[in-house]
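Here's the structure we're looking at; comments come further down.
Should a chain be cited, it is by its letter among A, B and C, assigned in written order, with residues numbered from 1 in that chain.
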Amino acid sequence: MHQFLQQIFSGLAAGSIYASLALALVMIYRATDLVNFAQGDMAMFSTYIAWTLVNAGTPFWAAFLITLVASFLGGMAIERIVIRPVENAPVLATVVVTIGLLLIFNSLAGWIFSYTLQEFPSPFPDRTLFGALMTTHDLGVIGVTLVMLVLLFAFFRFTATGLAMRAAAQNPDSARLCGISVGRMFAIGWGLAAVVGATAGIMVAPVLFLDPNMMGGVFLYAFTGALLGGITSPIGAVAGGLIVGVTENLVGTYLIASQLKLTVALVLIILVLVFRPNGLFGTPIVQRV
Amino acid sequence: MAPILELRRVKAFYGQSEVLHGIDMVIADGGMSVLLGANGAGKTTTLRAICGMVRSQGEILFASQRLAQRTTEAIAGLGIAHVPEGRGTFTGLTVEENLRLGGYTSARGSLANMQRMYAYFPILADRRRQQAGALSGGEQQMLAIARALMMDPRLLLLDEPSFGLAPRIVENIFTIIERIRREERVSVLLVEQNASLALELADQAYLLETGYVVMSGSPKTLADDPQIRRSYLGY
Amino acid sequence: MTVRKDLAWVFPEKLAVRSVAFGRGVRRWIGPLVLIVIAAALPFAISNYHVFELTLVMIYAIAVLGLNILTGYNGQISLGHGGFFAAGAYTAAILMHRYGVPYWATVPPAALICFALGVLFGLPALRFEGPYLALVTLAMAVATPQLLKYFDRWTGGQQGINLTKVQPPPGLGIDRDRWLYLIVLLVLLMAIRVASNLLNGRTGRAFVAIRDHPIAATAMGINAARYKTLAFGTSTLFTGIAGALSAIVISFVAPESFTLFLSLSFLVGSAVGGIATIGGAIVGGLFIEFVPNFASDISDAAPWAIYGLAMLLFIYTMPRGVVGTLGPWLARSAPENQLAAPKE
């Protein structure tokens, strides 16, 4: 029983990471109608920036904030420069562009920072809590994710820019008629998604160790979580990410420990999708006849 | 008094097809002009051309400023509010959020504006926290107009506000539009298929047929023309 | 406005409507025949290594052609075609290694098995659209190397299977690389012919109708489920054949050769060549084989970044792929004749 609870909690911590990245994916999907396959590697690159700052002596939380700002600007720049040209191109073109972006970030990271595994410091003291039920790091991850989610929710719900972004995502033509620059809203959306991704990367690096391929598995789980929740639903993204995290842990502990864990977890989740093809909270991708 | 809107030899294109073939139009400041014509005549396209939503050639002058090459959002910022075909409301957002979006560019306080809108359209006040998509057709039309007015526009473009609405509601809406025009001192360009109702309110009328202005003048001139009466007024 | 009829075999879909009007003159066959003769003679003019590279190009072209049928003509995205490629490769390898089946006899069983796999996969795939289908196929791509390692009794696990090298028939006086080149060329030509007939006929039109207007297609009586499953099976049949050929040519199969990256490469090749074209598959094959080498030449330290940049460049300048963009321009057919070009 104790082990079961342990697995649930560490699953929730892992799930928070997946939920964050899943949320970033959903934000971009809702705004610009595409899946950003490079989201994970963009987060990895941001994490390397944080790592560089920390190694140069910057205190952790300062490095964290600076990285978030840099990621925001980077995300906006990528939307303007890389994504804008294919916004109206066929779907496959956007898939290829984000895959290309993935390759570029991955390769650049390996070149600039080398492929050796690096240690990444955790800002949370190294202790276990509640009788070894969970680590402080896990609790910290869940906490940081919660704070971020609350801030995002407040931003979209209560600020004028947040409202404008929701409008631009729902109905770009009408948004323009209200004087909203839809292009700028998309750029901000990508910036915010990059911030969310960077947070996920920095939170997971102490556990997974930092290397250019760190976010590959995380991305896959996050993508799964986003779809499980429904690619159009932010709440679904969070719920989906958490469910995937817990499922992955339980499968790994009780079913099959080897590399096949990933396959089995995916299969289980896909089975859920067979019964709910639009995810748990998603709305069908409506096509006008 | 200088006209608020002038179109000179305006052509509009959907892809390679030319849909408007060089139309000329003048809207007086503070007046209401109506654009009549059958389906496919190019009425909606004209409004879209003004707002930079379709590719166009020719001169479009708003308060003596050239609109060509400007983005839709910039044109909106200049003081042109467009209520598009099909209302264009944000169905996933609440009534109040829709109004706040209208106030996005407005210099005046958003809150004060909203109170004025609720005064014009009391039904919206009752439903302010409801999702816009849940409103009836008439209510959505009112919301769309209110949202446009939140922009403190100098020119209001209305594309078929009567579409799909029961006659009594249409009358109600048109009464409000007329009241708004007088009290807010905003110029109105109205596109309508419902010719008789539109001609009652307008100062000036244009008749479009397959991308050409075939007739223009005072509503009385158009209403008295036997051809018009047969084709568009039904008697 | 002249129509380049001799290029009909490369972009048959662009000229499907016109060809009837212009008749079947000898002119239609001269172009393709010349190209085929050049292709057949080419290996004797270049080095062994280049012959090997071109053989791989053709194998990838067949694989990408399979993907084009599914994703281009039928609109079902697949990020997992590497898995079907692996299925074909391992079928051929196991048949040769364990059961001593001669190499040329392994291709039909590989084709059949991959067809069956495709249909089996296509049935549940009917429930998924867009990003959901992308995920399911992505999961397959990721699972493939893991499954290959897990069932090591059959697959040889991590080490893979080493095959004895194929020998050309003795009397012909031709060496191994060139013999295999010619065999693969023959299969490629057959694949193009079959694909062309399929895609220009009723089936192809049904595929496109389902892709562009699924509801209208069903309303017209097209059994969407049947055709979508058929598209899947046909697609994996082609890619499986390519996989089998790769096992024969390389004489080695191992899990690392069939990672997610292979699936992504097929997709990239497909997009760069032109997703709803037949000729684009060849361009795709060229891209997959040569651009990585080219990228390493430019930058030893970050070759995949160059590869990624190359991808971006191709897509920005030709969003519909090389053949998808240049094809209509070359054939100079009216926009209404672009039967197979996917809608935005």
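Going forward, contacts are C-beta pairs under 8 Å (C-beta built on N, C-alpha and C of every residue); 3 or more make two chains touch, one makes a residue touch a chain.
Here the structure is a predicted model, which is why all the values come from computation and not from measurement.
Pairwise, the chains sharing the most contacting C-beta pairs are A-C. Among the chains in view, A has its Cα centre nearest the centre of the complete protein Cα set. Each chain gets one centre point, the mean of its Cα atoms, and the points for chain A and chain C are 33 Å apart.
Averaged Cα coordinates give chain A a centre that lies 43 Å from the centre of chain B. Spacing of chain B relative to chain C, judged by their CA centroids, is 53 angstrom.
The residues of chain B never reach two or more other chains; the list is empty. On the chain A side of its complex with chain C, the touching residues are 29, 35, 82, 85-86, 88-93, 95-97, 99-104, 106-108, 110-111, 220, 223-224, 227, 231, 258-260, 262-263, 266-267, 270, 273-274, 277-279, 285, 287, 289. Only residues 71, 77, 124, 127-132, 134-136, 138-139, 142-143, 146-147, 149-150, 213-216, 264, 267-268, 270-272, 275, 301-309, 311-312, 315-316, 319-320, 342, 344 of chain C touch chain A when the two sit together in their complex. Residues 160, 163-164, 166-167, 170-171, 173-182 of chain A are the ones touching chain B in the complex. On the side of chain B, the complex with chain A involves touching residues 51, 53, 71-73, 76-77, 81-82, 84, 88-93, 97, 100-102, 104-105, 147, 151.
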